[in-house]
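All remarks here apply to the structure that follows.
Each chain gets a letter, A, B and C, in the order it is written, and its residues are counted from 1.
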Amino acid sequence: MKKYTEIADINSIPEIIKEAIQLKSNPFQFEALGKHRTLVMLFFNSSLRTRLSTEKAAKNLGMYVTVLNVNDAWNLEYENGAIMNLNTAEHVKEAAQVISQYGDIIAIRAFPTLKDKAKDESEYIINSFIKYATVPIVSMESATAHPLQAMADAMTIEELKTKKRPKVVLTWAPHTKVLPQAVPNSFVKMMQNLDVDFSITHPKGYELNPEITKETPINYNQDEALKDADFVYAKNWCSYSEYGQILSTDNQWMLTKSKLSKAKFMHCLPVRRNVVVEDAVLDSEQSVVIQQANNRTYAAQIVLKKLLENL
Amino acid sequence: MKKYTEIADINSIPEIIKEAIQLKSNPFQFEALGKHRTLVMLFFNSSLRTRLSTEKAAKNLGMYVTVLNVNDAWNLEYENGAIMNLNTAEHVKEAAQVISQYGDIIAIRAFPTLKDKAKDESEYIINSFIKYATVPIVSMESATAHPLQAMADAMTIEELKTKKRPKVVLTWAPHTKVLPQAVPNSFVKMMQNLDVDFSITHPKGYELNPEITKETPINYNQDEALKDADFVYAKNWCSYSEYGQILSTDNQWMLTKSKLSKAKFMHCLPVRRNVVVEDAVLDSEQSVVIQQANNRTYAAQIVLKKLLENL
Amino acid sequence: MKKYTEIADINSIPEIIKEAIQLKSNPFQFEALGKHRTLVMLFFNSSLRTRLSTEKAAKNLGMYVTVLNVNDAWNLEYENGAIMNLNTAEHVKEAAQVISQYGDIIAIRAFPTLKDKAKDESEYIINSFIKYATVPIVSMESATAHPLQAMADAMTIEELKTKKRPKVVLTWAPHTKVLPQAVPNSFVKMMQNLDVDFSITHPKGYELNPEITKETPINYNQDEALKDADFVYAKNWCSYSEYGQILSTDNQWMLTKSKLSKAKFMHCLPVRRNVVVEDAVLDSEQSVVIQQANNRTYAAQIVLKKLLENL
């Protein structure tokens, strides 16, 4: 592995998921691997789980970890040829090359604008670092992808499935804020690579990027879609076609215990209780969101391990 | 010890103070104890001493330390059953369980509102973490208590006392801002458990919570109260009965060298010079505030040690 | 070495530069030296390179590192005898003594006001820490000096020079913001101590403090000054005589490839592209700014090493 900013960076998904689960049972076994190696974590946006789990993953591998909230430094410039006489103090060309000398791996969190579709889809922040850095880049959630989350999700399904080919449904859920498509995008891509019966349900107008969903079945009827599901993954996202718009806040789409039947409930967190999903689900044994969050550590750790082995 | 959020969490106070003082003379002797263990420090409020001393304490024990300013993440919800369609993005139920998977001990600083007495006394932040976290919680100052400070204070008195039962006086002092009762509350509880001649002095209206002060003598005349004191602990706090009010800024209550006579001067810091206490005191040999601050490290370290031994 | 806040703190500059270059080839050789030692890094101002390189330097030496953005704590008071009834919560007398108990070395970044010349030249922040701290102080850029940068600059010249006595020119360059004189001040002092043919060029009115430039030649004609230069160091600074003023934004002073001829291009970064220097320079082999930034790690490391050896 040379970088991990999208699902396609993984050679063999089933294999890496098994390795991640093995790592979880003995997290310190590769502590020598990261000796004298530094992970620089750059946050352009806020974080709780990602910050703590990725930091823990790196330390489990014996790495030094440095966390920098980029807002504590200054604005970076991304345009080629820019005359930098305004609000940007340093070009990403310099920043990426310089930071590559202080870290052996650079992890980056950078959210989308959700206003400028072309800009968001260009992934200009993470792609600039990929282009100019001289060390591997890890996405801690970019404008359009959250591959570490998808890895943790896949681990959780692998750990908990009770049949060879479980039925997994990704369902849109209501929310009061405009949220990115990064998590569903990466989850969809991950599921397309696993031996699961996978489908998506959401109100009309909430279709994800069709280049991502491809042949994955979409059902606009949530009740039908959830029927006999083994895993239900709930997540809000804003409209992709009417980019950044909230088309519905219909709380009929909120996940409830009765809708779930016997399915396990998944969510990447943070989750708004009684908006996205009712308390009765989260407080029940069917919720596996805490286990998902725990797997974030080992998802990050297997990625860092693969990258370290390649340095 | 299962947690350390109040003085009552300690079984034997004199014993733990002695152990803390021993630790100070050889801080790295238990470095193996914290190996592969992580302390997550969550700051809802600003910190200097607590941040640096607690981090140092954990590293002295060989722990990994992760510091998260919660304001760099997002607002947490504390209400049961809340419909989270406003400004809170994650319920403490999830947050506490999730963070428990990334840290072996969670330390929390969360100040009171000083406006809503019932809310402050509920200690809803730290108590929510105690309730939902699956690892031990340490208070780095909560709405109504600062038990690590009180431990450092007790160590300082133990180290410096020249008689078996020294006279210790807690005196209110003026200040320009509305300050919490956390430090005096914990100091009072700590003194009630030591072999000291303890009393409190403050202007009328500044009585601390009577459930805390209990039988401890209160004298409204500072001069009388300070007479023949061995240790004078100065601290401002706002009114408890007229909750959050400043009833007096009378600088006659400022501590001066002449008032102290031969007593040692104590304060938890930060201290406003020439408002709470005059320069002549802080710049004299009688001030032990720097030693108190140093003891913060070993107070935190003995607490972390006890918690690690119990994991 | 007892501290490192100005070039004059170094006994033998050529020797320490050689040692720093040696360190670079084997950065972990003195890892035992920093064991159980803590570097406390205090940031009063934003940082990227300095933060990451100094942290890395300390870890290369086996030290613990603690980073505190002072703005996450509170305002410090620096005036002797101040009645602290306004916006400052703690006097530097206490802060410096207290932090000295949590760190074995304290590194500080504190920028000038660029409004009050006397205040800036007093270096009240860093000098207060030097005065009251009981451990060595390292400047990570103060109001008037950036000695770690100058050390990295000198290393870079030593590594790249192709003649015994290279011609080095410091040139002012345009910028849209009011910038400090710290970097040029320290660079001038450093060059005055090396075997280089050193001169300065800038528009009239941009003379640096004459107590610093002393006998160093100043040429107001950039073209003439740059002729046959081996190293051209570009940097903007505001006027010293008309303190804090921008007297010129003349982009004729911008560095271009043709102006450079065969000289190496140096800059401390961050650099505004096409304002200070054109893309063609930074994107060419003649630019050594990335190497300079890398040397920041080893500049910091040799300083920390000298200080640790003296503890």
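Going forward, a contact is a pair of C-beta atoms (placed from the backbone, for glycine too) under 8 Å apart; a residue touches a chain by one contact, two chains touch by 3 or more.
Only a predicted model underlies this, so the values are computations on that prediction, with no experimental measurement involved.
For the self-contact between chain A and chain C, the two sides draw on mostly distinct residue numbers; the shared fraction is below half.
Rotating chain B by 120 degrees superposes its CA atoms on those of chain C, with the angle stated to the nearest 5. Note: centroid distance chain A to chain C, computed from Cα atoms, is 39 Å.
Counting only residues that touch two or more partner chains, chain A has none.
Residues 36, 38, 40, 64, 66, 68, 72-74, 77, 81-86, 88-91, 93-95, 97-99, 101-103 of chain B are the ones that touch chain A when the two sit in their complex. Within the complex, the chain B residues that touch chain C are 28, 43, 46-49, 51-53, 55-56, 59, 69, 176, 269-275, 279, 282-283, 289-290, 293-294, 297.
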